[in-house]
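Next come two complexes, and both contain subunit A; in the first it sits with subunit B, in the second with subunit C.
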Partner chain A sequence: MHALLAVPFLGALVLACIPSAHMRAVRVVGVLWCCVPLAVAIGLFVQDDTGVSYTVHAPWIAWTVGGTAVHIPWHVSLDGFSMPFVMLAAIVCAVSGVAGFLLTKRWKAFYVLLLLLTTAVFGVFVARDVVLFFLFFELTLVPMFFLIGMFGKYGRERAANVFLVYNGIGSAVLFLAVVLLIVHAGSFAVVGTPTMGNSFTSDYAVIASNLAAMPHDGMHTVLFWLFFLAFAIKLPVFPLHTWMLRVHGEAHPAIVIVHSGVLLKMGAFGMLMFSFVLFPEVLRGAASALAVGAVVTIVVGAVMACAQKDVRLVFAYASLSHMGFVLLGMVAMNDNGVQGALFQLVSHGLISALLFFAVAVIETRTQTSDIASLGGLGQPMPFASAMLMIGALAALGLPGLSGFVGEWLVLVGAYDQWRTLTVIATGSVVLSAVYMLRVVLGIVFGPPPQKHRADVRTIEAFPMVFVAACIVVLGVYPSVLHDVTREATKTIVAPYEQLVDVGGGV
Partner chain B sequence: MTTITLRLSDLVIMAPECILLLGVVVLTLADLWMKSSRTSIGIGALVVLCGALAAAVVQLVQETDATVLFGAYEADAFSSLCKIVLLLAACGVLGIAIGTPNETHAVGEMYTLYIPALMGAMLLVSSREWMTTYVALELLTISTIVLIGMRRAAIGKEAAMKLIVLGGVSSAFLLYGISFLYGCTGTTYYEVMASRLDMGQDASLITIAFVMIVASIAVKIALVPFHAWALDVGAGAVVPVAAFLSVVSKLAAIILLWRVCVDVLFPHAADVVVDVLFVLVCVSLVVAHVLALRQVTLLRLFAVSGIAHAALLLVPLIASGTRPDVDAWTIWLYYAVAYVLMNVGAFAAISLTHTTGTQPHVHQFAGLVYRAPWTAVAIVCIVLSLAGLPVSAGFFGKLFILLDALSQREGTAGIVLAALIVVGTVISFAYYFRIVRQMFWRPEGPVPPSSVRTRWFAQTVLWGSALGSVALGCAPGWLMELLAQLIAHTVVS
Partner chain C sequence: MDFVASAWMVPMLSLLAFGVVIMIGERGKAWTPIGSTIVSGVAAIFACCVWVQQWQERSSYTWAEWRWLTMGDWPVQFGYEVQSLTACMLVIVTMIGALVQLYALSYMRDDGRKTTFFAYISLFTCSMCGLVLSPNLLQLFIFWELVGLCSFLLIGFWFTKPAAREAARKAFLLTRIGDVGLLIGLFVLYHAMPNNSLALIDVHNAVQNGVIPEHTVTLVALLLFFGAMGKSGQVPLHTWLPDAMEGPTPISALIHAATMVAAGVFLVSRTYDVFLASSTALLIVAIIGAVTAVLGAVAALVQRDLKRILAYSTVSQLGLMMCTLGMGTQAALIAALLHLLTHACFKALLFLAAGRVIHTVHQQDIEELGGVRNVLPWTTGAFAIGALALAGMVPLSGFWSKEALFAVLLQGGAVWVTTALCVSALTAMYMTRAFVRVFLGTLRQKNVRASRDIPMGVPLGALAVGAIAIGWPPMFARLGAQLGEGYPHTPAWLVATSLGVVVMGIAVAAYVVRPRVIVASTRARQPSRKKVVPQRRFSGTGARVASILRVAVWDWVYRNGVVRPFQAFSRGMAQLDQTLVRACTEGIGTCTVLIGKLASRAHVGQLHVYGIWSLWGIVALLCFVLWKKV
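What follows is the complex of A and B.
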């Protein structure tokens, strides 16, 4: 499993050593190396698709002085909860690596940064230690900052700065929350010493069991909201989403693929793992408010998407709306809701990758992403148009494609608790058809353009077909993913349901 | 009245300082008599520092724990460690200085004068008596004043003048405070003084004295609101001297504050002193970061950001509200090492890209990645550490300090400190990443750049700091464990 972390990191080192004058070598090695983690992830997935975890637990940082011991273990684990995320990350990073071919310069920097980012992203998803998680979470910030700022449109630098400031605030809040969490709930008994209470660990499992045993107090509420705020910026939740629009609008599509495909998911992953699982009692009190927030995010995203003139911004608002669904599923905190949220995360990651790859292909040929100046690309570029169409249909939740399953499960999960809200959320699915079809109609149909537009090359076609196939497979046969997440979802949901049972329902 | 005699065995205990003293004499004479080149004097100074470093390491390994001159000077594990940190920092500063184009009147003095200044700093660490402390402090201050004033440009003279006036005022306050305490106890030794002070009898007098002492040292550290001089003086000095001020002088003053607090102040008026320091630290954390946002001149920027780091270094001291425990000492030392690495590295970067005759400006980094990509990567590592991002020494230093602040102090005080640190960190992203932006996203400026790659000494310092920062970020537990072991028996006793 450590190969997941080691392979991309090694790749970054190797690439850094290739002189950037050898452009061809850099590109070939870069693309191929981006695919290796995917192979590793598939290998791990095939070897063990039942969701039983690979775990490594070793001492990492520890110091003992006086009566106090602090342990920060190296605890990484690949279980049913992180497996879908790791697979998604591997696929999306490979797709982004191929999309890097469409860049016009600085390939070396792109691939080195992308591979570093991949390492950090894998780290986030497998870390089962609070400090380690935070470390990897922060590590994603730096390569992403460079990637956004180095490649893209005119406003990319501003986008990178806004990205850094917003996510910096998020990280700062997270930092505070992590330290408070360790101090509040990290105490444990060191084997061999009778004293308890002045040894601290940052191991997630220990903290979780400590918190479960503790009576609920004000600190839990504080921690819940700190974690929620930190991850709500990342997810993002309305009204904390403005930075993400800039990134979607300005960065190069190859980078937006990773950003929208994986980085947003880290927000959901963290929110579930820290806010919701660790503090079920607080969630219970706050669930309805959060559900309202989620539905507001869904509706605002959908309405705004209808009003955009730029394809990228349509997709950005669509992402916002879809992340609202994820939040709704997670706060419902039942089997269907959480399964649906996880499914929606994976599915949205794939759909984003496909859509932005299509945008990348179209933009390299037309130099624009303005819907009004595009049009009629169906004739000269049938393949790219078809892929765009598949992505759009999946995003609007067409049954048979992956987008449908996630949204359906989320809505089913939420319906028991908040009927009106669920109905409103369902209404936005109609809107999603409006904005997605508007994009597709505007770009694919209409009078064909005057200039010649070449269709996709093989290297561009391959990842699109692969991702589209994944979307179809997930839509037709969702069990591929469900089987992996089923057990994990049960453990995630268990403490909350227990709470609800004891308290006699929400 | 006993006559004070200094035996040879006492000199052995003071070996690091003695080596420096011998070295500076030899180097000064060599500079006068021989037509030696500038660089060879610099390398000679570096050798002297290495000798002192070796002596300090030997003392540390042998677990020397002895006092000289009736306890006025103490060599224990903690002071040896502090000296090693100071010496390493000074080595870095000299590395920056060697090969920097000369902007001063002096030739050899530009190197030899660092040594007495450093000697003052090291004596401060070991001093357990007020007069020794005062002499050491003046040795440090006066040497740095000369270092600053030697700059040819008028701005250097102005800076030296400011330091003379402000340093003098703060020293006067320090002496005034000491005189109160001497009046109450009739002694100048920390330990004896602490045992004789009687809060029941002279409470107001002692409190006034304590506040004056804390304030005067706060001026030396440049905590807000005593910070105004640091910007001008930092900007007036040449780059290596600014590095010395920001690293060695600052650390020495902070160590002095620790020592004085732990030995004299905390046993009697911990609450008052901690409250005063708490306010100073909180204000510094906020104001320094906000001020730094407005700076574009690099030396001013780092003078201000140094204040924020200094405030951070004081957090473990006040976190517990009483005498800091071993954890606090260890964490302090860890962040001190991290601070030395990142700041020396930052000044090496400034010096490398600096065009002679101009004020170092953030624009000098423009387009560095095209000229020297690997140097740019090293600078990114330094910036990460400064901003407290992983994987770097600065990140773990901040983490440890936060953990300590929150676990030691119940209630709001710890949370306020932690929140301020975190907010400050976010603000600091904005100004530290300006450098990164210049390096990667700006075309090269019209000014012909200085040769970055051929300056081997500064390059070594830069890479040493960058790799050190990353290595400490990858394996922070190693150093923490080592430090904790080394100082455990000293601090507890």
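What follows is the complex of A and C.
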């Protein structure tokens, strides 16, 4: 399993040693190396169908200050919960690597940064230690900042700055939360020392069991909201989303693929792992308010997506709306809701990758992503159009493609607790059809353009077909993913459901 | 061979055809359409075998073993279910699908994307068969949406035409609105069902045993009906159906006869237990059906486009079926389904005949048409059969199925049967008008030459035979008996009245709408001048009313009442987001950046230098960490 972390990092080092003058070598090695983690992840996925998880737990850093010992173990684990994310990250990073072919310069920097980013993303998903998680989480910011700033449209540098500032604030909050969490709940008894309170660990499992044993107090509420805020920026939740629009609008599509495909998922992952799972009793009180926030995010995102003129911004607002679904599923905190949220995350990652790849292909040929100046591409570019259409149909939740399963599960789960809110959220499905059809009909349909536009090349077609196939497989037979996450979800949901059962319905 | 147990072959064959044809693409345009047609023919024959076997054995067969998803602790099992209703629908769908493909071999001969067209039709047939065979409401919903997708793709098949694009958008969105209702209905049902099962058989049992509280049943029934309204073009979600005429004509035949619009009626029939348990829902179904039937018929009377006349006629007939279903008896179910069956036959016939006219004359405005009889005598005959069957003339199939409808409606109350009789009169009128305008009189277009066309002729012939023969009384009654108990019997006076109404409708229309004869002038000086014989037309007010009705009141209402306000709202929201929200949240960022700018003096300011430093920093950190670990 450590190969998952080592391979991309090694790749970054190897690429760093190839002189950037050898452009061909850089690109070939870069693309191939981006595909290696995918192979590793697929290998792990195939092996791990019995539900046995890969876990490494070793002492890592420990120090003692004035009688207080702090242990930071190296605890990484690949269980049913992180498996889908790791798979997703591997796929999306490989796709992004191929999309890097469409760049026009600075390939070396792109691939080095992308591989570093991949390492960090894998780290985030497998870390089962609070500090380790935090370190990996921070590590994603740096390559992402440079990627956004170096590649894209004119406003990219400003976008990169806004990205950094926003996420920096998020990280600051997260840091505070992590420290408070360790101090509050990290104490544990080292064998041989009779008293508790002078040894602290950052191990997630220990913290979780400590918290479960503790009575509920104000500190829990504070921690819950701190974590929530930190990850709500990342997810994002309305109204903390403006940085995401800039990134989607300005950065190169190859980078948006990673960003929208994986990085947003880290927000959801963290929110679930830290806010909702660790503090079920706080969640219980806040669930309804959060559900309202989720539905607002869904509806507002969808409404605003309908008015955008730029394809990328339509997709950005669509992402916002879909992340609202994720939040709704997570706060419902029942089997269907959480499963649906996980499914939606994976599905949205794939759909984003497909859509932005199609945008990349179209943009390299037409130099624009403005809907009004595109049109009729179905005739000169039938393949790219078909892929854009599959992505859009999946995004609007067409059954048979992956988007539907996630939405269905989330809504069924949410309907358990909030009838009216769920009905409103379901109504937004019509809006998603409105904005997605607007894009598809505007770009693909209509009178064909005057100028010749070449259809996709093989290297461009391959990742699109692969992702589209994943989307279809997940839509036609969702149990492929669903069975992997089922056991993990049950354990996550159990404490909350117990709480609700004991205390009656909310 | 056990055909019933292998009914899954039917959708699978179509799916296979879809997959192969779309994979091969335009390279195989010489033979893949033919291959696809043959496969659909095989599927149709297979479906007939299933039907015959099911009829003989009177057994239903269910296989639902494929675990699609596990929701909570309850697995959602997919599979297929064959019983009398589904077997019958399967035959209609595959038959019409196969005939339409055969027809399209000729109709779409010169189209650049011919293979795509055939692939889409195969997928359409496959989705509809999947919908029909579903043993489970979730599976039904999935295929339901796929049917919607296929109709979207086919309506917008000529995607370079802006009108086709708008029609496709409208079809997708309006049916989607209905689908959302259906989806919410599924949530409600999922939570109301004792073991969270959405299997149709479980729903049947639960409703029969009264496990579900009554208001929930009503809610579910209404939501299911809302979905059916979208697909089956009930007022006010019907406006997409006439616009769907932008697609190629074979598709209109397929959508209007067998697949898309039949889905709504099928859904209501399949979940009829839920409706039977709620009188409120039944009443609403009946009212909406009746309103749709009348409005559709009136609209059909004033259209100028031949295909739009047929489209509104579909709306109207579907309204009749829904209204009948709203009567809430077993006989109502049978009558509605029989009418669905005969309607599928003669409406497909009418569309294909109309397609033949349009394909030959290249004109579909009935005011510009006339005298097609001289060019296409056989097609004229076929259209006449279809029109008479639609009007409900004895002894064509439409007569028998309408009698059944009238009998049921009479039991329901005088209001319903009167409405239906009015609709019947209107139907006779608009079909007569269309027939007279298109086929009688003088042909205006020059150089119209019709060649013998076997791929177009065979489906027309087959459907004409069907439109005559399906209604053959002994067989028809047995067909009804196969679908369920209680085939309705019509009193003689009602039969006489309905026939009288039809004859009257035809007579009135034939009097008002005269064939347009153009007599070439015999004067030598002006040999080319032609003279239009003056004739009676709608009077001044009538014409004005007609033109108002034609511009589609509903479209206007939607455009100004829903679409425009929403667009304005959406733009406003987006503007607000770009300015206010961004200013508020990014204000913090801007301050930080300003502070950062002061500090940045100390730095080089080149991104790649930063990048390399960061990389080395990471390496150093890692070395430190590893060293620490050792």
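To be clear about the criterion, the second predicted complex is superposed on the first by the 503 of 506 C-alpha atoms of A that agree within 3 Å, B and C clash if a C-alpha of one lies under 4 Å from a C-alpha of the other, contacts with A are read in each partner's own complex, and residues count from 1 in each chain.
In this section, a contact is a pair of C-beta atoms (placed from the backbone, for glycine too) under 8 Å apart; a residue touches a chain by one contact, two chains touch by 3 or more.
The structure presented is a predicted model; accordingly, all values stated were derived computationally and were not measured.
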Room on subunit A for both subunit B and subunit C (clash or fit): clash
Contacts of A:I42 with subunit B and subunit C, given as first, second, both or neither: neither
First, second, both or neither for A:G376, with subunit B first and subunit C second: second
Subunit B versus subunit C as contact partner of A:G400, first or second or both or neither: second
First (subunit B), second (subunit C), both or neither touched by A:V173: first
Subunit B versus subunit C as contact partner of A:E138, first or second or both or neither: first
Partner chain(s) touched by A:I459 [first = subunit B, second = subunit C, both, neither]: neither
First, second, both or neither for A:V165, with subunit B first and subunit C second: both
Touching partner for A:A289 - first (subunit B), second (subunit C), both, neither: neither
Subunit B versus subunit C as contact partner of A:A494, first or second or both or neither: neither
Dominant contact partner of subunit A by residue count, subunit C or subunit B: C
Footprint overlap on subunit A, where subunit B in one structure and subunit C in the other make contact: 60-61, 139, 142, 146, 149-150, 161, 165, 168-169
In the complex, subunit A residues that touch subunit B: 60-66, 68, 70, 72, 131, 134-135, 138-139, 141-142, 145-146, 149-150, 157, 161, 164-165, 168-169, 171-173, 175-176, 179-180, 182-183, 200
Residues on subunit A engaged by subunit C in the complex (per definition of touch): 12-13, 16, 60-61, 74, 109, 112-113, 116, 139, 142, 146, 149-150, 161-162, 165-166, 168-169, 239-240, 242-243, 300, 303-304, 306-308, 334-336, 376, 378-379, 393, 398-400, 404-405, 408-409, 411-412, 415-416, 422-423, 426-427, 429-430, 433-434, 437, 441, 444-448, 477-479, 482-483, 486
Subunit B - residues contacting subunit A, complex: 325-327, 330, 380, 384, 389-391, 395-396, 398-399, 402-403, 406-407, 415, 418-419, 422-423, 425-426, 429-430, 433, 436-437, 440-441, 475-477, 480-481, 484, 488, 492
Subunit C residues touching subunit A - in the complex, by the definition given at the top: 67-72, 138, 141-143, 145-146, 149, 156, 159-160, 162, 164-165, 168-169, 172-173, 176-177, 180, 183-184, 187-188, 190-191, 566-567, 569-571, 573-574, 577, 581-582, 584-586, 588-589, 592-593, 607-608, 610-611, 614-615, 618-619, 625, 628-629
